[in-house]
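Structures for review follow.
Two complexes are shown next, each including subunit A; its partner changes from subunit B in the first to subunit C in the second.
Here is the complex of A and B:
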């Protein structure tokens, strides 16, 4: 086990859109399971990951009801990562950019995440051992 | 000299910017920096023998270590046993390893 570090991840991609979200969640999950102190700054569409009102749906095209479809939800991935961090003795400060939240009307977050501002990202980057920015790409 | 981990997630058949990213990796390595290029998602596609594999081989010849995310390889049916000699499969954990180590990690 490496020495615990303070790592910042800045996320831009919205949920339910592309593979980058899955890779991002995998990365944060690995860091969480190592017990690191993690700061996640979600901005632009990424503020939707922790939106509490995401809901599973059935899929008539697949012939699946709600339970059979078992649609994955980003908010559940976030909750699982928060739990993994706690179990490993780590800590995650999951910050949703307030400007981006207000633009999208997604102010209801799951427990364990909070509203913040771009200034939090600056503080996080300055106070971290390392940072990774995962921006949206075409 | 600096140490870099460059992450490439795009398919070079879809984005010409991938070539620029390869060029950046090669330039840094030629300048004496330690550079690892990690392929993830559709970024692993040139690791299957194709018209774009040669570009990857050139990056390796410049002194860049090239890794491919094993999960992304499996998703795309790319047999890790048939990767070019210049590409090694790796767990995504390598990104966290390098962040812990203080490398500059850049995702394109």
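Here is the complex of A and C:
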């Protein structure tokens, strides 16, 4: 059995806008399903991933009503990853940068995520086996 | 003992209008204040952050002015004053026609070939 690691990820990109977000989620998902201990520090637009008020919608161009469209939501991805981590015996501390949250008005997080600051990122990195910053690219 | 962390910035002027600062520089400064051991490396377009006397003022929407425009050169001077060494890739500055005499005091040049050695002297390299 592989050794459990402690891994820190810092994310900048918002949900819904680029492939980097999906790749980031896949990396975290794989680590979660393997039971690693994970710290996520979401800053800038990435604080939107855990925003509780994201809502599904129908899509007339697809010919789908609300249920048929089953639109993917970042908050559900986060919730699913948190649950998968727990099921695999792991742990995730999902931190939303507080100032980034305030300026965007996205303070209503899903259960299992919390508000924090860059000091939390430093503390996480100091105690982790490795860390990865995934910044927005122009 | 704190890990030595290298903050690497090459994407320039991301969210600098909205945040009134350079987020990676700001986060590094906050983490330095929290006890972290940081060095900062500017490469690519971000070497332009070192140019003295940048003026981001004058932006307004609907006639309402931005009150605290970004001043990355000032913020870099400030972070150096707090003990963060700032390096820039000399080759990237030259390619952009920037001279060291254009820059704020205190930043140290490193050749592109020297970047690997700088990486190797840190425990973590964070490419923001």
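Operating definition for what follows: the second predicted complex is superposed on the first by the 138 of 138 C-alpha atoms of A that agree within 3 Å, B and C clash if a C-alpha of one lies under 4 Å from a C-alpha of the other, contacts with A are read in each partner's own complex, and residues count from 1 in each chain.
Here is the rule we go by: a residue touches a chain if its C-beta (ideal position, glycine included) is under 8 Å from a C-beta of that chain, and two chains touch if they have at least 3 such contacts.
Note that the coordinates shown come from a computational prediction; the quantities given were computed from them, not determined experimentally.
Superposition of the two structures on subunit A shows subunit C fitting alongside subunit B with no clash. By the touch criterion stated above, A:30 is placed in contact with subunit B alone, subunit C being left untouched.
In the superposition on chain A, A:19 makes contact with subunit B only, not with subunit C. When the two structures are aligned on the shared chain, A:59 is found in touch with neither subunit B nor subunit C.
Applying the stated contact rule after C-alpha superposition, one finds that A:133 touches each of subunit B and subunit C.
Applying the stated contact rule after C-alpha superposition, one finds that A:5 touches subunit B and leaves subunit C untouched. Of the two partner chains placed by superposition, only subunit C is touched by A:118; subunit B is not. Touch criterion not met for A:86: it reaches neither subunit B nor subunit C. Once both structures are overlaid on their shared chain A, subunit B and subunit C have a minimum Cα-Cα separation of 6 Å. Within subunit A, the residues touching subunit B in one complex and subunit C in the other are 133, 135, 137-138. Subunit A makes touch with subunit B in their complex at residues 2-3, 5, 7, 19-20, 23, 26-27, 30-31, 34, 36, 129-130, 132-135, 137-138.
For subunit A in complex with subunit C, the touching residues are 10, 12, 43-44, 103, 117-119, 121-123, 125-126, 131, 133, 135-138. On the subunit C side of its complex with subunit A, the touching residues are 2-3, 5, 11-12, 14-15, 18, 23-24, 27, 30-31, 34-36, 124, 126-128. Taken in their complex, subunit B has these residues touching subunit A: 9-10, 15, 40-42, 69, 71-72, 92-93, 95-97, 99-100, 102-103, 105, 107-108.
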